[in-house]
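Each of the two complexes below includes chain A, the first together with chain B, the second together with chain C.
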Partner chain A sequence: MKKFTIILFALLIGAGSLLAQEEKKKDKPVRAPFESGILIDNQTVIVPTKKTLEFVIEHRFGEIKDHKDLWGIYAASNIRLALNYSLLDNLMIGLGTTKDQKLQDFRAKYIVFEQTRENTIPVGVAFYGNMAIDGREKDVFGKDYKFSNRFSYYAALIISRKISYGISVQVAPTFSHINKVQKEYEHDKIGIAFSGRARISPQSSITLQWNQPLEIEGIYEHHEPALKPKANIGIGWEISTSTHVFQMFVSSGRALVPQYNMMHNTNDFFDGGIMFGFNITRLWSF
Partner chain B sequence: MLFTVIAFLSACEYEFIELKKPDIDPDVPLSFKSDIVPIFQDDGCVACHSTTGIAFSLEEAQAYQSIQNNNLVDTANPQSSPLYVVPDPNSAEQHDKYSVDNAAKVLIWIQQGAKNN
Partner chain C sequence: MKKSSITLIAGFAFLMMSFGLPEGDKTPWEIPDEYKNMENPYKGDKGLDRIGKMLYAKNCKSCHGNKGEADGPRAKQIDVPMFDLSSEDFQAAYNDGEIYYMSIIGRDEMPNFESKIPDDEDRWAVVNYIRSLKK
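Then we have the complex of A and B:
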């Protein structure tokens, strides 16, 4: 399984860099296929320009059930605070901290190439990877504890297409891995992350995501895994200015580090498993 | 780039969690007042479950009554008591959690009959 995924990623990235070399210099990249590097729970093909610092707040309220806890607003929530920094125009690194499981994460996003205005390159491609450290007390990892039990990973090859002035879509094959899991759970998951946005005014858009973990029997470790994660689906509204983005939505994934949604999400969007959430980003250029 | 991807993926490990047996003797009776109530303080439950808070109060004065009134313990089937399952650090519930030891204590107290002692 491990070898297979390494080869898969190697091929995809290899193909990406070949295409990139064909790029003609005159054809400029399309303007802002997305407003920000994040869209609900997904990363987009956007990296802020070189030497930009980005501050991100991601918040998910509790499940929407009834008015007693104001539809989840008073319930236990999850939050992530993060900083990203663009080392180059096409390379961003970042770190963040999340309440649930006290996850500390490190991430990088690299734009392999951008879609161009004259369609010389019809799509934009970026690679995103993260690594997270579960910060809970060590007893939850059980016997034979070692520090690497805490690690988990996520990788996505993001392919985007700006279809028109107002409509952009993205699809990303993803790979998730958690080093130590409960018995009968899986360690690896391949998924597809779809995102889209449709502009409804110069500054606001309707946003959509559908992140589907794939049940591929060939790579199961167990005959029948104890947990088949549910899709993380979200729909919302985005407002953007040049230095801020504000996104409000309902979605079904509570985790703020994507591997935990792809691997452990139990909320069914179509069966009441939804919650309110918002993201705020602020950019500073140096 | 390729190198980092490979380095990153080859760091994957494939281990399973096998829980340690907490050092709590299930035959020594636990006291609700001195063993269980402090857990509701230590693990932060009373921040939400208080007289002015959410659903029911786990403050010392009301804790036992709340547990009874809301059917939070099932002595016939301790493992499925909401008071154990919902805050269990290994359950999939999206809720604040006990520490591992405290979860074990709560379970043992329920197995011993969930007495107000």
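Then we have the complex of A and C:
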């Protein structure tokens, strides 16, 4: 299985490079299908141009319950601060730190190929992967503690399509893995992440996401898993300037490292499990 | 008492001087011939109108304002004097290549947009949009 995955990615990357070389002269890539490399909780097919440093602030307030905590604004929040750097026009690496579970994450995103204006390449494809380290006290991990208990991983193959000037969508099959989980919980989860944006003015868009963990009985470790995670759904508003992107939204996933939403989200978007959140990105070119 | 009077006078003098400081850099743009002689390959391309408007809104509007009248929300924080892009004076004084240079290459507080607007077609779309601001 591992070999097959490696071969698949190698083929995709190779095919992408060939296609890009052949088509570059004839047909240019579409203009920004998304405004930023992040859309609510999902990665997009965007990588800022080479030698760009990106600072990311992600913030999720507490659940919207009642006015006593100002609909979650005063409640305990989750925050992630991160830096990404574009080594190439199609390759970005990054690291971040998150309040919940003191997660330290490392990530990379590679644009395999871009959708072109004349449709010679009808979709954009990017590969995204991360690895996170849970930084809490080792007592949390129980008996027989090993450092590798702290590790978790996420991979997504992002396929995007800019449908028109204002509308872009993407779908990403995802794979999540957490090394150490509670008894009766699953270690792996396959999911599918949908994202979209509809431009409503030259600078702003309505944004959407629906990240659905898939219940595939064939890959269950347990007869009946103790936790079947809920979809992480979000809807919001995005404003972009030349160097900043601001995203404000309501969503149902509290985690800021995606594998934890795909594997452990218990908030039901349609049953009050939502919270306010925002993302801010800032770019510097060198 | 004497000391406080001197301080007061010095403070007043400084205040008066600050009103008399030159109001930013008014030196003319030094535009290389390469840009002065540049032809706009997308002149009159209506297909770029929406792109030019979008890029202007994203990159230029905060200083230059909605209509290019140098009245954007950040305009007051800019030290150097800004052109009224919609004025006859500006529109007549510079050709498309010169506007391209000033908009994309920039100088001082007018930032360089080469990495933010990497595609040449998009850069000319901005020039075309600036042309469309003419009153």
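The working rule: the second predicted complex is superposed on the first by the 262 of 286 C-alpha atoms of A that agree within 3 Å, B and C clash if a C-alpha of one lies under 4 Å from a C-alpha of the other, contacts with A are read in each partner's own complex, and residues count from 1 in each chain.
Here, a contact is a pair of C-beta atoms (placed from the backbone, for glycine too) under 8 Å apart; a residue touches a chain by one contact, two chains touch by 3 or more.
These numbers were taken from a predicted model, which means no experiment stands behind them.
**Student:** One more residue to check, A:285. First (chain B), second (chain C), both or neither?
**Tutor:** Only chain C is touched by A:285; chain B is not.
**Student:** Please work out whether A:131 is in contact with chain B alone, chain C alone, both, or neither, and reply first, second, both or neither.
**Tutor:** Only chain B is touched by A:131; chain C is not.
**Student:** Identify the partner contact of A:228: answer first if only chain B is touched, second if only chain C is, both if each is, neither if none is.
**Tutor:** A:228 sits against neither chain B nor chain C.
**Student:** Quick one: chain B or chain C, who's touching more of chain A?
**Tutor:** B
**Student:** If you stack the two complexes on chain A, which partner ends up touching A:69: first (chain B), second (chain C), both, or neither?
**Tutor:** A:69 sits against chain B, while chain C stays out of touch.
**Student:** Let me test your reading of the model: by the given contact rule, A:102 touches which partner, first (chain B), second (chain C), both or neither?
**Tutor:** Neither partner.
**Student:** So in the superposed three-chain picture, is A:244 touching just chain B, just chain C, both, or none of them (first/second/both/neither)?
**Tutor:** In the superposed model, A:244 contacts neither chain B nor chain C.
**Student:** Can you check the complex and tell me which residues of chain A touch chain B?
**Tutor:** Touching chain B from chain A are residues 2, 5-6, 9-10, 13-14, 17, 62-63, 68-69, 74-76, 78, 100, 110, 127, 129, 131, 136-137, 139-144, 148-149, 151, 153, 155, 175, 177, 179-183, 185, 187-188, 221, 227, 254, 264, 266.
**Student:** Considering the complex alone, what residue numbers of chain C touch chain A?
**Tutor:** The contact residues of chain C facing chain A are 50-51, 53-54, 56-59, 61-62, 113, 115-116, 118-119, 121-122.
**Student:** In their shared complex, at which residues does chain A touch chain C?
**Tutor:** Answer in residue numbers: 28, 31, 49, 51-52, 165, 201-203, 240-243, 285.
**Student:** Any idea which chain B residues touch chain A in the complex?
**Tutor:** 1-2, 4-6, 8-20, 48, 54-55, 89-90, 92, 94-96, 99-101
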